[in-house]
Each structure stands twice: as structure tokens, then as C-alpha cells.
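For clarity, chains are labelled A, B and C in written order, and residue numbers in each chain start from 1.
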Amino acid sequence: MNIEQTDFYTQAILSMAALVGLTSFLMLGQGRLLRLIFVFALQGLLLTLTTALAAYSLDNPHLYISAALTLVLKVLFVPWMLRREVLLMNMHRDVQALANKTTVMLGGASLMVFSYYVLHPIVQTTSPVMLNALAVSLSVVLLGMLLMISHRQAVAHVVGFMSIENGLFFAAIVATKGMPMVVELGVAFDVLVAAVLFGIFFLHIRTSIDSLDVDLLNRLNEVDK
Amino acid sequence: MIAAYLVLLIPFIGIVFFAIAGHKTDMGKFNIWLNAVCLLATVWLAVNVLNIGTILSPNKAFLIDPFNVYLIVLTAFVGFTTSIFSSPYMAHEKELGKLTDNRLKLYYSMYQGFMLAMYLVLTTNNMGIMWVAMEGATLATVLLVSLYRTPESIEAAWKYFILCGVGIAQALFGTILLYYAAVQIGDGENALLWSVLYENAAHLNPEILQIAFVFLLIGYGTKIGLVPLHNWLPDAHSEGPTPMSAVLSGLLLNDALYAVVRNKMLVDGASHNNMAGYLMMGFGLLSFLVGALFLHRQKDIKRLFSYSSIEHMGMMTFAFGIGGPMATFAALLHMTVHSLTKSAIFVTVGHASQVAGSQSMGKIRGLIKTQPKVGWGLLIGTIAIAGFPPFGVFTSEFLVLLATMHGYPWLAPLLLLGIGIAFAGLFRHIQPMVYGDKPEGQLPVKANLWPVIIHLGLVLWLGLAIPSFLAHWFSQATLLISGSTPL
Amino acid sequence: MNWLIAILQTTLFVVLAPLLAGWLKWCKCHLQNRKAPSLLQPYRDLIKLTKKQPVVSEQASWLFIKAPYIIFSATVLAATVVPLIAVDLPTSASADVIVMVGFFAFARFFLALAGLDVGTAFGGMGSSREMTISSLAEPAMLMAVFTLTMTASTTNLSGAIAHVLHEGLVLRPSFVFALFALILVAIAETGRVPVDNPATHLELTMIHEAMILEFSGRHLALIEWASQLKLMLYGVLIANIFFPWGIAESFGASALGYGLLAILGKLMLLAVFLAIAETLVAKMRLFRVQEYLSFAYLLGLLGMLSHIILEASR
């Protein structure tokens, strides 16, 4: 099936998938926290647009609620909170040198290939479009994990965590046209609580180790004390 | 059905009450009462289910069948006995100045929040809600792990939060794939209901379901503490307040395993190559062996027993993976006795570390001389968890071994070896702690050992003779999971 | 007749290029709260420069004097390849996008040589920088263009545009990537703001201006004109490949007039965006240019990949 034979909705979804994947890569290679947060908000915006598009073309009003929730949570609230934290800690000036940026980017690329490989059996039963959408969202999830591994700042970890959620959300919207409403509300609630908890944690970590560098959290390991 | 709603309503009242008006009452006592009422409600529910079979609520949101009702009762029971222990324990911590009133409010409120999440995981009929509740359990306990606000506890909580959050995200991806497979054959809103999925399992696409199961196993496996996803578990157990360790070990791990088993039932229904079973066996055996080996290297008493939890969860996962009636029966029994024994041990461990003023095993010495009840409790609990004959753990481990001999005889030596290593690992640490002279300056603490006595008594009873109603109950659950009865 | 239109189109290119530069400057001035020069100012500058006598250094060889003519004609030849108001013209049918890139490279080669020729420090520095940037920009550009040509199954620009035009509105992820890649490359190649600043002569940052520092009079006019032409070429390329609607497919007067209006509108809009971007973004350090261009390359590559993975039939 070639792309020109598919309907406009599918084309739009594919473009969105590509852009969401791109934002994940951008986050992966970003050493400056404020830009990282900005790209994250951008990803949230793309997600909102995708959801609204799905709601419009599938004529599914409850997706509008999801879109609104995404907009408020992922585009406004979480980035605002993180930005505030970064400015408060005066971390926006230091550039965290990603020592092994090339390796990380290559790792990201291979993760993308890996997610296509993992999900390939699905193509036998469904359209390639769904495979693409699912594979992109899985790679967003995996790239989010890689982001958490490769960055040291707690703020970057939160961004990675939330972008994993973004990937899952994208999969839910595109592949299954949104989960049932109760589930979606539940997930949104969890994300909200998680965001608030992260805020509390920043406070605690700051007061206990006076920094948000996660590498300093190294007191607990297998054989100590 | 009213009982099921009651079970969910009571913890909810608890959360709100403790958060708003907790300081005005004796929170420990009130917590005990709440859990007691909850326990009664669950018993009522269990009697109903035993009499009339599976209950599906009218709006299809909740499903109570023999498999989950027994876990619900177990959850309520452990929650109740732990609350008995936690009341004097937390009061003592407050006297030591480790906690303030507000933190206690948070503690009790989140205790109920955790119980609510656990009940919701068990009772819900919706796989999506199950995920939401599972994540909710993490969110509720994460602030409890960092309750003492020491750098170590904050680190442990951060690790717990991040690892479990990321891990459980995989489970959501699996759930989405499951839903994706389900909407291809059914209607949208009801497609995630377990009752619907289970009926149509044979029509679900096996390819998608198998991929989904890998993600679900990794996701919920993080919560079970399967190696290599276990890193958060010893940290969270050792740094949080001890009652929390008891319920985490006794309940959270079980419920995560419950979620995996539910999903395995679907995958088994859709495909017939036992891929899910092999995966669970592999992860289970690995966790079992690694957990046993790591027992030897511990210096903190709570870390010691959290590795023991990893080991036992590994064995249960392994047993569920073998499938078949006998292994499933054994796994269910092991779930029960492990929960009871492990929470009893954590209760004694909590008191022991209060006696010594430290969790370091080098500082805990001569417990039997200092406070005999605590010392003997710890010793007997350890004997039980190591799998000595009169106790229930022996019975279940023996059954697992038997099932392994039948199905995969070449794996039996590995199991035996693991049990041996774990036994040695536990006793080399426990022996100097309970025996020996009373150290200077260590005084007995106010302790309520009824939970320990009840738990260990039950485990002993289960080891000597399984009461017929319980055997009937277990066989019903086994029938549900494995498709045939063990006897 | 067709050749006539082709010549007309190329003439339009050459004539309109300074106007585009004027419009861009006008927009930028207004955005920055400055008083804008007239739209025709670039023409006046060119005329003024042509009237002046060129001053040539004693050390300069024949290359220095010939270079402006070579550069200008190579750029004009490149312009013949790109469809401005109509597709299927004989000039663009005979050459494809690789030839266009080749003409650009040819012009740049002579520009760099001329910069080195006089032996001043700035000329050499500018040439070296220009070659560094172009060696990075060219693969990115080709990657972006190849994404398009793979979709259209031809490297002929006119054919590719006709293909996009006939296909109707199809949202392609690969085109989105290629568009961004091409915009980034265009900014680098035409020496616009984050890479180079055409408005300053700061010795440490200038690239293009450093090379042409020694030129004067009509030589300078030709080089300036060529670079304005290049800017317009890239603009037309972006506008017509990605948004080809309006371009004339037949050679009737009305279709051509409509095509002219369409491309003028598109270019005006594009220039506004460029002006906004130049106002908002600060010039980056020279050492970060390679990062910027490798990002453009990455985008081009992603475009290519998403074409293969997302769009190709299975």
C-alpha cells in the first residue's frame, strides 16, 4: 500500500509519528536543560494535535478531553514546573557535556531499528501504517529510557520519564483510537500525581544533597554499611 | 457485590480521614479498626464467592472469582495484622523523634491509599484499570519510602519511583497492545474487560498477544522484583519504615504476580506454544538463584530479607510458569505462606532493629537474651521461610519441586541447589543475631507480637494439614488458572 | 516558443533577484523598528557599483578579474534549471538537480579561488570557511533532494514538481523532514543569519563578505547580484517543490501570469518567515556550524529513511 492511496488521516498520523520520533531524538542529543524542556513541550504539543486530529476524524468526542488533558499536563504544567526548578537551581547556564553523544545517538538509532524488529510480526495482521505508528511509539519509549540513562540531571530524568508516557499515549491514540475513557482518565491522574511527586522529590533531593545531579545519589549499593 | 464495594470504600474513607483529621485521633488504633472492618468485608465476600461462584458486578467493572478473592482475603489479613504491628512501632519512632505528626498523617493516609490500590488491582475487571491501580500503588508508597527524609531514604525512593515508573510503563505498552488485539475482534469500550478478553481469548491474535506479554512481564516483573529488574526492591525495603516493608513484601509483590498470571491466562488461551510459561520459568529461576546468592553478601537485616523475597517471588513465578495443576496449586500455596511468613519476619525485624537501634546485622546480637519473644519470633520465622518441614513453606516448595521433577527433571537440581544456598545464606546471618550474650545497653522495646504468632501459627497449620475448605478453594483457583484440578 | 518562455523565465530570475533581497531587507527593518530603505535600493546599489571603476590589486592574476563573470554566469545557468513560473520547459528538461548543484559548486570554487588569489589574510580565511561549510552543506542538500527525487522517481526538478503537483495534497513525513533540511541548508548556503551575517563586516565572524572584500565596482556588483540570485534560487526551490500549486503547466498567457503571481506570493511569504527568523535568532559561533549542518544532514537522512520505511509499499 503506497502512501498516496491512503486517506488524509493516515498520512497526517504518519507525519505526526515521524515528528514525534524526531523530537525524541532531539531530546536525546540535547545537553541544555531549558532546551530539553522546550523540546519536550513541543512533543506534548504534537501529541495534543494528534489526539485532536484523531478526535476530529473519528468523530470521537472523548478524545477531545484527552487532548485537553495532554495540553494542560504535558505542554503547560510539567514543562512549567521543570522550568521553574531549573531556574531556581540556577542550572540553566551550565551545559552538561554529553561525553558520548555520538554513541548515544547511534544507540538511539539502533533502538529504533530494534523496535521495528520487535513489532514486525504485527504487520501480518494489520496495515503497515499501524506497524509504523506502534514502532515509532515503542522507540519513543525506548529513547526515553536511553535519555534517562545518558543524562545525569534529575530534571532530565523526569523529562525522560514523561516522554515515555508520551510514547505510550501516542500508541494508545494511533493504534487503538484511544483507550476506554476510564482507563485514560486513570492514566492521566497517575501522570498528574507523578508530576506532583516529582516536584516534591526535587525539594527533598535539593535539601538533602544540595544538587539535582543524580550521580550523587550513590549511597546505597549491594555491599555497604 | 456490596462487600466488594465496601472493601474499596473503607480504604478510601481512610485516606480522606487521615489526610484531613488524622491528628485528632489515635491514628494507629483507627488504622487497625479500618483494616479489621475491611478484613470482615473480605471474608463476607469470600464466603459469597465460595457459595455462588464467580461474581461479576452489574456494570462489569469488577470481577471476583476464586483466584482473586483468596488474594483479597490474604491482602486484607496481612494489612490488618501489619496495622496491629505498625501502631506501637510508629509510636516508638515518633518518640525517638524520627517523625512528626504531619509525617504520621501522611504515613497512615498513604497506608490506606496503598491498601486501596491493592484492592483495586485485585477486584477490577478492566486490565487498564489494573495498570492504573498498580501505578497508584507505587505512587502511594513512594513517599513512604522516603518518610525519614535521610539522604539514603530519598535515594531509595527516587530509585523506586524511577525504576518502577519506567518498568510499569512497559506494562502499559503491553496493555495497549492487548487492547489493540482486542478491538480487532470486539467493541471498543468493553474490549479491555478481563471477562470479555478471557471468553474470546482463542480468537485473539497470538502474535500480538505474545509481544504484549513480553512487555507485560517486564513491566509487572519490575514490581515483582524479578532479576535483573530488582534493583529498587532491597533499597525501598531497607529504607522505608518496617511496616511498609512488610506490606510491600507480603502484598505488592503478590499482586504484581497476580497481574502477570492473569495476562498469562489470556496468552495461553490465544496461543499454544507455552511461550509465556517459558519466559516466566526463565525469569523466575534466574531471580531465585540470584536472590539466594545475594543473601550471603548482605549486611543490613532488611536488605537480607528483601533478597529472600526476591528469591521466593522467583520461585512462584517459576511455578506459575511451569503451569499444570500441581505447580499452580503449589504456587498459590507458596504465595500465601510466603506472604504470611515474610510479613511476620518483617514485624520481628522491625522490633529487633529498634532494640539494637540499628538495621546493621553486626549490631544486632543476643536477641533471645535481650527480648526473648522477638528473638524466638525471628528464629522461628527464619526457619519457616527457609523451608523447614513442619511449616507451610516446606509443603509448597516440596510441591514445586515435585512438579518440576515431573515436567523438567533437569531443572530440579538447580532448585535444590538454590534452596540450599538460601538456607545457608539466611542462617549464617541469623545465628549470631539471636544467640549469644546480651550486648551492653540494649533494652527491650514495647512490642506487639500477636501478628507474628498468628502468622506463624497459620503457616504451621498449613504445613501440617491444609484445611478442607482452603484446599477446595485453592483447587477452584487452580482450575481457573490451569484448566484442571490438582487432586 | 518554449525556448522563448525559458529565456523569459531566466530573465525574470535575474531581474527579480535584487527585488527579493530588497523585500527581505524591508521586512527585517520593519521587524527591528528601523526605517526601511526603498524596495528598489538593491537595484540602485547595483547600478552605482557598475558605474564605478573597479580597483584591482597589483598582485591579482587574470583569475581575479574573470571570476565575477564566471560566478555570475554559472549562477544564471543554475537558474535556468529551476522552474520558476512553468514546468516542462526545454532548459529544465535537459538538466536535472545534480547539474544545478554542480553549477553552484562551480561558482563557489571560483569564488574561493578569487578570494585566495590576492593573498590577503581575510580572503584566504573566508575561502577556507566557505569551503568547510559547503563541504558539509552539500551532502545534506543532496540527501534532502534525493528524498524528493525518490518519491518522484526522477532527478529532474521539473518532473519532480509535476509529480508532486499531480499527486494532489499528500502529507508525507519524508517531505516534512526534507523541507526542514532544505531550509537549514539554504540558510547556510546563502549566508543568512545563524551561519553568516550578510550585513556585517566583523573580521572574526564573516565568511562570504571576507572572500569578496577585495572586489569593487562592477565586479562586486556581479558577485552581489549572483548571491542575490542564489538566495532567490533556494527560495524558489523550496516554494515550488513543496508547495507547487499555482505553477503553470501550459504556456498560455493567463497560466503564466497566474504562475508568476503565485511564485511572487510564495517568495514574499517565505522572505517574511526568513526575516522573522533572522530577527529572532542570534548568529552562532563558527564552530557550531558543523553541528547545525550535521543536524540538517540528519534531517535529510531521516527524510530518506522515513520515505523507505513509512511510505514505500510492502
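Basically, a contact is a pair of C-beta atoms (placed from the backbone, for glycine too) under 8 Å apart; a residue touches a chain by one contact, two chains touch by 3 or more.
Since the model is a prediction, treat every value here as computed from it, not as a measurement.
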item	value
Touch-network distance, chain A to chain B, counted in steps	1
Closest chain to global C-alpha mean, per-chain Cα centroids	A
Farthest-lying chain, centroid of Cα atoms versus that of chain B	C
Centroid spacing, where centroids are CA-atom means, of chain A and chain B in whole angstrom	31
Length of the line joining the C-alpha centres of chain B and chain C, rounded to whole Å	67
Rounded Å distance between chain A and chain C, as computed from the means of their C-alpha atoms	37
Multi-partner residues of chain A (each touching 2 or more other chains)	none
Chain A contact footprint on chain B (complex, rising order)	126, 128-129, 131-133, 135-136, 139, 142-143, 146, 149-152, 154-159, 161-162, 165-166, 169-170, 172-173, 176-177, 179-180, 183-184, 188-192, 205, 207-208, 210-211, 235, 238-239, 294, 297-300, 360
Sites on chain C touched by chain A in the complex	167, 169-174, 176-177, 298-299, 302, 306, 309-314
Residues of chain A that touch chain C when the two form their complex	1-4, 8, 11-12, 14-15, 17-19, 22, 25, 116, 123, 128, 132
Chain A residues touching chain B - in the complex, by the definition given at the top	118-119, 121-122, 124-126, 130, 134, 137-138, 141, 144-145, 148, 154, 157, 161, 164-165, 167-168, 171-172, 175-177, 179-183, 186-187, 189-190, 193-194, 197, 200-201, 204-205, 208-209, 214, 217-220, 222-225
